[in-house]
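Letters A, B, C and D mark the chains as written, and numbering starts fresh at 1 in each.
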């Protein structure tokens, strides 16, 4: 359905040619200072027309807050918001309507609902993500103010152009145990330090200038060939409190995977060492514990990606999301009509040759929504447990004193006491 | 939490040293013939002690049905089932308890709950998956009888030993557009035809005998080194009806990703062309439509993995899941105690050097649970829509006559009329 | 939270002085013809300013559909709708703000959220029900078109002025077994036949002209005394298919009770014979089965109110809801300020002296929402069960052939074959 | 379905003739000391065979804890528990099976599921409530230890025999404004002070000895007439923290109504002044605020029943539940068979002539489950809000300093400072 979350609950609405798109965000903590600007900044990073690399449509996408606030403070009640669609007319009928567009949702929406929007896949439109980005901006503001959480996503590959630091040759036939580390030290340093500002310095949103330039060329080449190209987005979350994620079905990585694969055009998700981690031995992959200067425990390597047993451990959470090449291309495609008649379809309209630069704020938004909901779940548990009398009947290694509102005490990676 | 699903709802319980583990399955269609044997067959494929490749503990894991059935027929009411734990004593205290085990859930469970089971990570125990496998066996039986759905998972890699057909050299620096197809024809043929019987012929559950032998050697090498190794499991679903998956947050691939990443030790998920698909151009990646002999539409290539816009399209659904190397190794590890004291930890007990062979039925089970729930959601919609009068005010390409209980009409891939 | 329902899911938003109030309705069956008029008709019955009996504010409350439709047909995607608030300015501060208003939500909202809207109880405003009434109108349209369901609510009491047919003297000390029937034959006839048109002929929405006149006088007396008065609303649902309601926690009467008690100012709910039914013996209360002319089974008496074991049985569902006297009265009230300082509060603004006439469409709406959701749940089950092979191993009294889309075949009560 | 709750989640299973009945309780706070005895005490109050007034079957109903605990301390993971059914054989077929029993669930279960248990209504069996009572005992223990909450239910009427203090003559035709108070001072005193011990001194669980004796006679008269009789149960909750209940659909009274109407045989629910409160004027019904000795605000009258705007206000919550006369009577009943053939049915087996004495712990259990879940919801909000910086931009009457873990500071009613 169109609702995500248990305690921080986001419900989105809208297709590309209806009156508006938007969302209701229920469960936002009361007392948060919030303005339309807090939301607009991420909508602007998502909207089309930002550069030559994206679709030339330049929609304003100005958010209108409807409820849940008074004098710039959240009331704890549902925050409704919407963005008007500039073009609200239903799509005019044309010969291309006889064809389900290859790898689009035209066909499946019709199979599912028995009726579809004239514009095609209805809710599979990228405009649906406006509601998510807005909701994510609210979640992110709370996480930042209350816990200092930082969420930064960036483009890690376009086609075969990868951030060099992620490039590890796959030896598919090899049986060599001496595997290199799943991720290079350079890439781990980038993860530890990259800022949203650095990301936005590049049109491609790849914070490695040389790679960014090659990505740009790859996208322009797809564009000039009336074709498209895929890519990946990597996201890092810093200063996340430990203890988030609900065993067993709602492990934190499961929630993140769910959220990321719900973004249009996604085909894969990996966390921490991911698919590369399957190729190394346990002795190389295990994250040994270390003592931090503040007395807390951390891990030396963090191949786990900040999550163990489905629960955050206080280290950085990082993951990568795969986006397929956009299905809309202006090249002619040989395919068949709904009734099976063979023919050739040339796409109408303008489109993005590559979605990953604009996907960056969407990935950040979905991460924020997931983490916010998981945080509230854990706060309920901790607040409840903290009222119980101390446990005296269990061995000390089984017990930790109850606490409320755990705040991450350090920025990951900078203060190992070894 | 410990519940998955909306209409087919599975709630599991149990740790490794409590009285029993099990599940309540709510929402199973009434009138299904079901016996303990239907469930036991998958539990047997999951249980430890099946071969030298797995942990030598040989637990019987005999399922006991508690409710929801009479004379071997489901009543539509909750089916409770449990498996007794052979060893129900709490773990005895030892010096190893002073250490949180690296890459285990000991530390995070204690951070989350403030108390943990003496056995360590509590619900992160592999025994928790017994309830899932049992629930999946029920879902699978319905899907097979009512819709002919086939679900087959198999091991596609162990360490660097991959099914050769999946091996495609990654040219990370290249900007070559002439990408090979994301998956080889051989591998696609294997996907189309592999059976559970073929999978079980190999101890490693890799249905390619030569690769299976090399995988076995890789696992034995890890075992003899007191180490462990990761791997991947690929799963194929055939004859799935079109129309499953709920836009926008509950896209079918999002639900599958959620379910797979909720399995212990998983680190990644990709569907269809997956991460490889991000490297090719849209013109190569788009799945052109073709007319099947039965008049229905199919796709020529299926890089989408049977899902477009989050909704199944009637083609085979296939995906791959990454499993990290098991964290429990008997090698000594340098780490620190809960209080930060440095030391060396040598794991207690016996363990699997590689989990993927036993993970195969767990992946199948979680797939079945997801698909069953998605199917019931869609049945509600279709049954409701079928009572409405025909739509006469929309253009014909926007409308399809309503129908109930869509059954996939063909086995994918064998009857393209081109 | 602000979401109701599993498959037909309604999320409302808005306070009295924000930009708009409204709702997202997710899960509406695709292919339903729907216009703003279908919704506006019930909003008009709910809005203030309809007569002298209600608050003189005359707000237009014109609904604006945002999404989920194209050319007047539902797409199966979320339907967002909103109604602009005429007065969007935050409330100006005045001395009355020092007082939590007695029996209002001012105090509890502040306790719950730590911050409250200047207008007082925020979401406890009657304007919040606009989203519900709109959602209910959509549900009702589907139920009527697809199943012929009729939902009619009416005012059954105002203060001590009751529809005479419901008046049964309570003999609190008596131990007489010869109890009269819980409801009189006249009242049962009214339930069987009353139409929304008859209800709307009376300003009080009591379809019994003489009683309606006395109710009107009672309300006017409260108004002239700067006071208020409570009342009850009774609702009847005809032609509801059997089989709705989900044991055990979501019994149909439990869902109805939940929905009704979520309406502002409600204090009680009873179904069928209700509280009166507790006073009679089982032999008088049991509903003997009878054979209808069409061959189906019905019941002779229907004290059960159309529900047995939490599941609808095909008879009329009827229930009664208690509304307290409105808390806002312009009489001066002796109370204390937030800081405990004693004082006298005289209410600001205009208000309804009695809410029940305007509550009638709200009760109908919540009933429609509940029944729509329960219907979709049951359709999923029936469609799934209908694909299974016939059960041959159970005695015939335990089995009924599977069916999909059960439609009630008769109007209750008119065709008993006895 | 068979699951209740969001954060404290109870899933029950079992019919009367299967292997066992029980529940999984997910979300219990970790670190709670809990033993089987804590649960057994309430199961004993529920079980049949307690006295001449109930069914003579004497089942032990001994609870077996399966998971979620170690050494008597909750781990925060799912607590599974079960009670073996003594008689696990399916019911033998007999002529009575040809009849759907009047006012039972036989008919509706068959309509809903297309198959039913041989014992009749399957999950409508009173044995299903065992799982609820066990779950409620756990919730109640937390509420008592952490917040001092007291929950006491008692029988307030059997047939026409009412606790005299609740008896208020209804003047159905009257238009007298000078209404008496909805509840008498004596009854309010009983509410404020009644203990579970006093309740259990009477076989009928009515804590007013004289009335209890008359109730007993009424029940014995029903029993000797092979008939049955209904009744009501009143429940009081003391020391409940303010702020519980989630606007708008999950108002606290709506959740309680849902929970109570999900108990078998219930027909009505009223809270605070309830149906009586509809007959009085607002000026008499409004609860003026008063200042307590501890500085907090309370109300002088509490006709609201401790809830305003759907949120608890710190006063006692009290409500009343209607139970119909049991449908199973050994008198012969004229009815028809499933196929419409007229006939006479005499009930098999033994039964309770009146359910209300045994319903008392069930009402308490469902109240505890509802309140526990609502409490956890509120704890999440409060803990989250408490980390935000102080609000400086709103007028002081709109803001309250954030707090975590509000504990009710007084026993209601004893310390008004007026």
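As a convention for this text, contacts are C-beta pairs under 8 Å (C-beta built on N, C-alpha and C of every residue); 3 or more make two chains touch, one makes a residue touch a chain.
For each chain, UniProt lists the protein as follows: A, B, C, D = Chorismate synthase.
On a predicted model such as this, the values are computed, not experimentally measured, just so you know.
J.: Count the C-beta pairs in contact for A-B and for A-D, then report the pair with the higher count.
T.: Higher contact count goes to A-B.
J.: Farthest from chain A (Chorismate synthase) in C-alpha centre terms, which chain would that be?
T.: Farthest chain from chain A (Chorismate synthase), going by C-alpha centroids: D.
J.: Based only on mean CA positions, could you tell me how far chain A (Chorismate synthase) sits from chain B (Chorismate synthase) in angstrom?
T.: The separation of the two C-alpha centroids amounts to 23 Å.
J.: Please work out the Cα centroid separation of chain A (Chorismate synthase) and chain C (Chorismate synthase), and write it as a whole number of Å.
T.: 41
J.: Taking each chain's centre as the mean position of its Cα atoms, how many Å separate chain A (Chorismate synthase) from chain D (Chorismate synthase)?
T.: Each chain's C-alpha centroid was found; their separation is 44 Å.
J.: Among the residues of chain D (Chorismate synthase), which ones contact at least 2 other chains?
T.: Only 1-3, 12, 27, 30-31, 70-71, 73, 76-77, 112-118, 122-123, 247, 381-382, 385, 391, 394, 398-399, 402 qualify.
J.: Mind listing the chain C (Chorismate synthase) positions that touch chain A (Chorismate synthase) in their complex?
T.: Listed in rising order, the residues are 1-3, 9, 11-15, 17-22, 24, 26-27, 30-31, 64-71, 73-80, 82, 90, 112-118, 122-123.
J.: For chain A (Chorismate synthase), which residues count as touching chain D (Chorismate synthase) in their complex?
T.: 6-7, 27, 29-33, 70-73, 76-77, 142, 145-147, 247, 375-377, 379-389, 391, 393-394, 398-399, 402, 404-405, 407
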